[in-house]
Amino acid sequence: MTRLARLTTDEAADAVTASPLAIIPVGALEQHGGGMALSTDTVRADGVADLVATLLDGKAVVAPAIPYGVSPHHLAFAGTLTLSPTTFRTVVRELVDSLYRHGWRHVLVITGHGGNNAALSVLAQELLTELPDLRFAWTPITEIVPDVIAGMAVSEIHGHAGEAETAQMLHLAPELVYAERLEPGVTGRDDLNSAGRLARTKRGPRLAIGFEQYHERGVLGDPRTATAANGRLLIETAAQRIADFSAELLNT
Amino acid sequence: MTRLARLTTDEAADAVTASPLAIIPVGALEQHGGGMALSTDTVRADGVADLVATLLDGKAVVAPAIPYGVSPHHLAFAGTLTLSPTTFRTVVRELVDSLYRHGWRHVLVITGHGGNNAALSVLAQELLTELPDLRFAWTPITEIVPDVIAGMAVSEIHGHAGEAETAQMLHLAPELVYAERLEPGVTGRDDLNSAGRLARTKRGPRLAIGFEQYHERGVLGDPRTATAANGRLLIETAAQRIADFSAELLNT
Amino acid sequence: MTRLARLTTDEAADAVTASPLAIIPVGALEQHGGGMALSTDTVRADGVADLVATLLDGKAVVAPAIPYGVSPHHLAFAGTLTLSPTTFRTVVRELVDSLYRHGWRHVLVITGHGGNNAALSVLAQELLTELPDLRFAWTPITEIVPDVIAGMAVSEIHGHAGEAETAQMLHLAPELVYAERLEPGVTGRDDLNSAGRLARTKRGPRLAIGFEQYHERGVLGDPRTATAANGRLLIETAAQRIADFSAELLNT
Amino acid sequence: MTRLARLTTDEAADAVTASPLAIIPVGALEQHGGGMALSTDTVRADGVADLVATLLDGKAVVAPAIPYGVSPHHLAFAGTLTLSPTTFRTVVRELVDSLYRHGWRHVLVITGHGGNNAALSVLAQELLTELPDLRFAWTPITEIVPDVIAGMAVSEIHGHAGEAETAQMLHLAPELVYAERLEPGVTGRDDLNSAGRLARTKRGPRLAIGFEQYHERGVLGDPRTATAANGRLLIETAAQRIADFSAELLNT
Amino acid sequence: MTRLARLTTDEAADAVTASPLAIIPVGALEQHGGGMALSTDTVRADGVADLVATLLDGKAVVAPAIPYGVSPHHLAFAGTLTLSPTTFRTVVRELVDSLYRHGWRHVLVITGHGGNNAALSVLAQELLTELPDLRFAWTPITEIVPDVIAGMAVSEIHGHAGEAETAQMLHLAPELVYAERLEPGVTGRDDLNSAGRLARTKRGPRLAIGFEQYHERGVLGDPRTATAANGRLLIETAAQRIADFSAELLNT
Amino acid sequence: MTRLARLTTDEAADAVTASPLAIIPVGALEQHGGGMALSTDTVRADGVADLVATLLDGKAVVAPAIPYGVSPHHLAFAGTLTLSPTTFRTVVRELVDSLYRHGWRHVLVITGHGGNNAALSVLAQELLTELPDLRFAWTPITEIVPDVIAGMAVSEIHGHAGEAETAQMLHLAPELVYAERLEPGVTGRDDLNSAGRLARTKRGPRLAIGFEQYHERGVLGDPRTATAANGRLLIETAAQRIADFSAELLNT
């Protein structure tokens, strides 16, 4: 049993040594177009966390997912609830402090939402000096399997609520994909406005924009082409890479 | 459909007017003795929130539960993860701010954990001047049905992980009650040490102590006497009172 | 001599061991209707603190009262000056830290103002882990003598600037009660508007409202019926209960 | 009547226009040698504030004195309770915000403790941009009457708990001067150690040191030579200068 | 003239319209091995900023470089001074706020230090909602010219204080490269310990480690092979890409 | 070599013992009238720091100057970029913490800008208890040579961007003085408005005002009369006094 939420305190006490890696899934509650649920990123983080724990064969426990993330870029769309980067980071930090207090020395955060990345990077920097004997790692999901995506048919522009995220949801939680309402967002570079193109620059400066500036529906790519099979491949490949990494991390 | 997590952004946009009350369940991840899961308080908050929303017949949406709360008094027991009161309050505040931005003007927090009460009270004070046109209410569960508890057979000392909480879990999530491992905690006033007695003073000063000072297992009462029937009565009575309150709140 | 303000540093050094309980009275500067002074809550906290110290017969010192509290709900009325809950809590915390540094290990805060309660509760939670060998207790005044109030003739709705507070002031500082200007506020539940009734719900959610929503003068109850004799009984009973509690607290 | 603490809310409402200057006295609770009370600085600030208000003939109200200040340099001596500079500044800021909300546009802080100066200077800088239509001034007491002190017989080294402060207390609150216990501190530059000399450099860098580094009793000067007559002259001269300044400030 | 530091206030007033892009270079003060100065990252940021401004032909002003950055991962090495990510972000934020107040609506931060990236990303997220009509972009230097580096001879492992950074310094400030003291750090993946390998994972989780864990001298790559010609190519290519981006940014 | 920016980490390691005083120059980026550069205060702080280090003959290292300071009172003039007092103080604090970590125990801040004084005073107070074995001193420049200024011909009102500052710049960086554009500001007390006069009160309360209230150009005094010779005398005298102080400080 790997879900901390289901353990008693006695089982948790055992887990500190039996399951030395604590995984915290973090997601978001934000728009994912007209055809997917607001909880998409949390569902995916949770799903990958479960699979990683399974692959690690008891060496990991999974804490309850944080169902809110850093989503200011989606606030133009109803239903998006956001934490500030500072608050999000502090929440994760205090969970880490609690885990540390009980004896855990290896913590892995799995984020289903790219908006959480910067805050997690900052946290990792802070922990270097503040808890120097802790190993703290974090990982996105889709970003670590670009080779798998390259093997799928995706639009020139793809990403948020697009082919890869929808595929993952079709595999993990098809009941949260409302297929008949899926609709394409911006799919080609030429369809972007100037700010949108700059924000997607590969070899150049970074620009953050609200997703309503990319497309009136805030979707990047065409979710209608997503398949559960691709989703399974994405999820399983990501989970395997994370599990392999984690197994080695436990040796450091 | 009342779960914000399952809605699309378009459905959320509709909900602002159709379901003008936003409910945020908040819980804790903390020890509940040898026989109940760490997530007990979150499960109960979530369960009551669902029932309240049902009773309100579409007038409310339920946001994802915050699965961590303010639990410094349980840190002596493994598996308890705590947020500071300030961080917990800020998380709820930022969710309120996001809901407000989308148009909600009535927010209700349902807490399954008494440790969250003070932070929620402080938040309510802050919102009075900072969002003066918002109606913000919050509620505990067990504390609002003392008459129901008085009608049950409970120990002289009862409370955390005791008869009432266990009963609620037997009704809502019996799979998280490990019946064979339930064990009594402190049950009589005479069994308390001096600090414990002071902390349970009725007409006098307030004293907060770590729950290990009440009892080595941190349990107040005897969970073995809990029944699902009592749990149902507690939950349904609490939910009805909250729903009635909420219906009137929407008129203010 | 129990007033820290009047001691020299040498006397304070002696007091750490001779008077191991440090009492901090906290009040407010806020409207108390047309007939009582803005400092009402501070005066009452200070008065009870003095009496408690006397009853403890040298075992306690009384620090200078904090004359401002958490009063956002009274800001609609001129003269109310408020601290934020966070600032108020931090002030008390830093006084506790200073007392701790000099050697005190038992601190009691007496608040004459209910608006300070939540912040003090949060502080008590924080101190559990941050100063684990400190005993920190806090107490309201009127709230711990409900049985005495039940024996007085009070309105159906009573509370802020009403019968009990006025009575206490008539006993402690009659020169700050301007008797000819005392006037009734809201006295019956039926006179409350919807929000007011919800905010006074006993078995249900908590709602904080500005006191101008209760009554245009912000008064709950009828202060004209207050008597100094009742005030004396309220003050002396509260002080005795606090002193008894404190004496036992010093043994923990 | 100039004391806000004694006013009702109705009188406070009148005072906004009738008494457009709000004065906040701030002090400290800190060691003042073996012969003076810990509250010395608060008593002096309060006393000067009263006199200034009288000289202004109704144009000013005096808020309750903040009885704690910024005193880290006296923490080596028992009884000193300190606020951090940030907390002290925030308290004053929130009082200013409350006064501003009620309509006051001129605020004067009178500090009896030099340790508060830096925090007040910082606050003045912040208010320039944050409340640009407020006039915020602050003033020390002894520092603005160097010419009066020059006319008294004082030690080569004098200052904290020395001739001038003791004289002021003999005038304002002789019951808090325990004359038989007054004792000299460091009185000559040659008696200072190297750090002490540097900290008293006139034309050079600033160095803050704990007062136990100046003298084992933390006293600068010889309080035994203080007289109530000198104290009266110091207080009255300071108050007159502050009142003159304030009268002109009300015209800006 | 593009250096804000050299302008008068009148020239700055003109620059708001004539030079609508404000560039803030940010660096670090941190170890760069035995052969390069602590200011390496600031020097490179400043150098690129100047070149970008020149390429933009008057459309940009360059603010003074912030000579300190986020460097906790280099604190094991003497001379490294670090800001926390929060402080660094706040400094940049307040400069942005000041620029915004004067009328600038396009701000670009050029960072010579990768440790600043996460804080800048967080800032970009915050500005989305807090200054929605501002265009805020930021850019690293070496990271945007991976194709140029691929054309140079670099070690398998290269990066901090390695070939590319040293080359840039040989071009921009050869007097700060002490050639005779340049020495190789870790150059091959097989020379890394387990933590070092994990921290350099490409398709997997992110792990931050202190640079002393990579190599006892904290150097990645072999700086001895660096050439000024390569440095010039890196700098000029990066500057051109940033200038092109900026020119387009000014149209959004 | 005394500039930390130019040292390698190995040289910095040596400097901890060889050069036990760490100097941090701090300035501002703010208006200095029509004839001087925005960086005036930073240039002067840096120049004095260099000279002090030279006079100390290797006993000091100079960290990179912080080119921004606390300048809210100059925000009415274009080009002024300000940090809040809290942010400025935190930056210096974190540099001090880093220096402390490497072994430095004597830190001196030289500020070319009076607006930084209050924040530095607050920092000095905080360090007393938080880093009690550190010697932290700070110094202004012009303020410590009033006797030299008294020997120059200056206007009745002089100060910001006036005779003394301009003279210093003519000595240190004449290329940043645009002589033909120098113009007088307010020069006589009678030319001040009421607020200006109050803000320049010697024996009375302190009032901070925006510099546009002193004079439409924000200049105090007549910079046209400044000479490089006077500037040299001011700089050298100040540096000598700081060096003498520092030499003694190293013995404490």
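Structural remarks
Each chain carries a letter (A, B, C, D, E and F) given by its place in the written order, and its residues are counted from 1.
In this text, a residue touches a chain if its C-beta (ideal position, glycine included) is under 8 Å from a C-beta of that chain, and two chains touch if they have at least 3 such contacts.
Bear in mind that the values here come from a model prediction, so they are computed numbers and not experimental data.
At the interface between subunit B and subunit C, over half of the residue numbers involved are used by both copies, so each side presents largely the same positions.
With centres defined by CA atoms alone, the chain at the far end from subunit C is E.
Averaged C-alpha coordinates give centres for subunit D and subunit F that are 28 Å from one another. Centroids of subunit C and subunit E (each the mean of its C-alpha atoms) stand 56 Å apart. Each of residues 75, 84 in subunit D touches at least two other chains.
Contact topology of the protein chains: cyclic, one closed ring where each chain has exactly two touching partners. Chains in contact form a single ring whose order, set by starting at subunit B and proceeding to subunit C, is B, C, D, F, E, A. If you check the complex, the residues on subunit F that touch subunit E are 4-13, 15-16, 29, 31-39, 42, 63-68, 75, 77-84, 87, 90-91, 94-95, 98-99, 101-103, 176, 178, 181, 218. Every residue of subunit B that touches subunit C in the complex is listed here, in rising order: 70, 72-73, 75, 84-86, 108, 115, 117-122, 124-129, 132, 135-139, 144-147, 193-195, 197-198, 201, 203-210, 241-242, 244-246, 248-249, 251-252.
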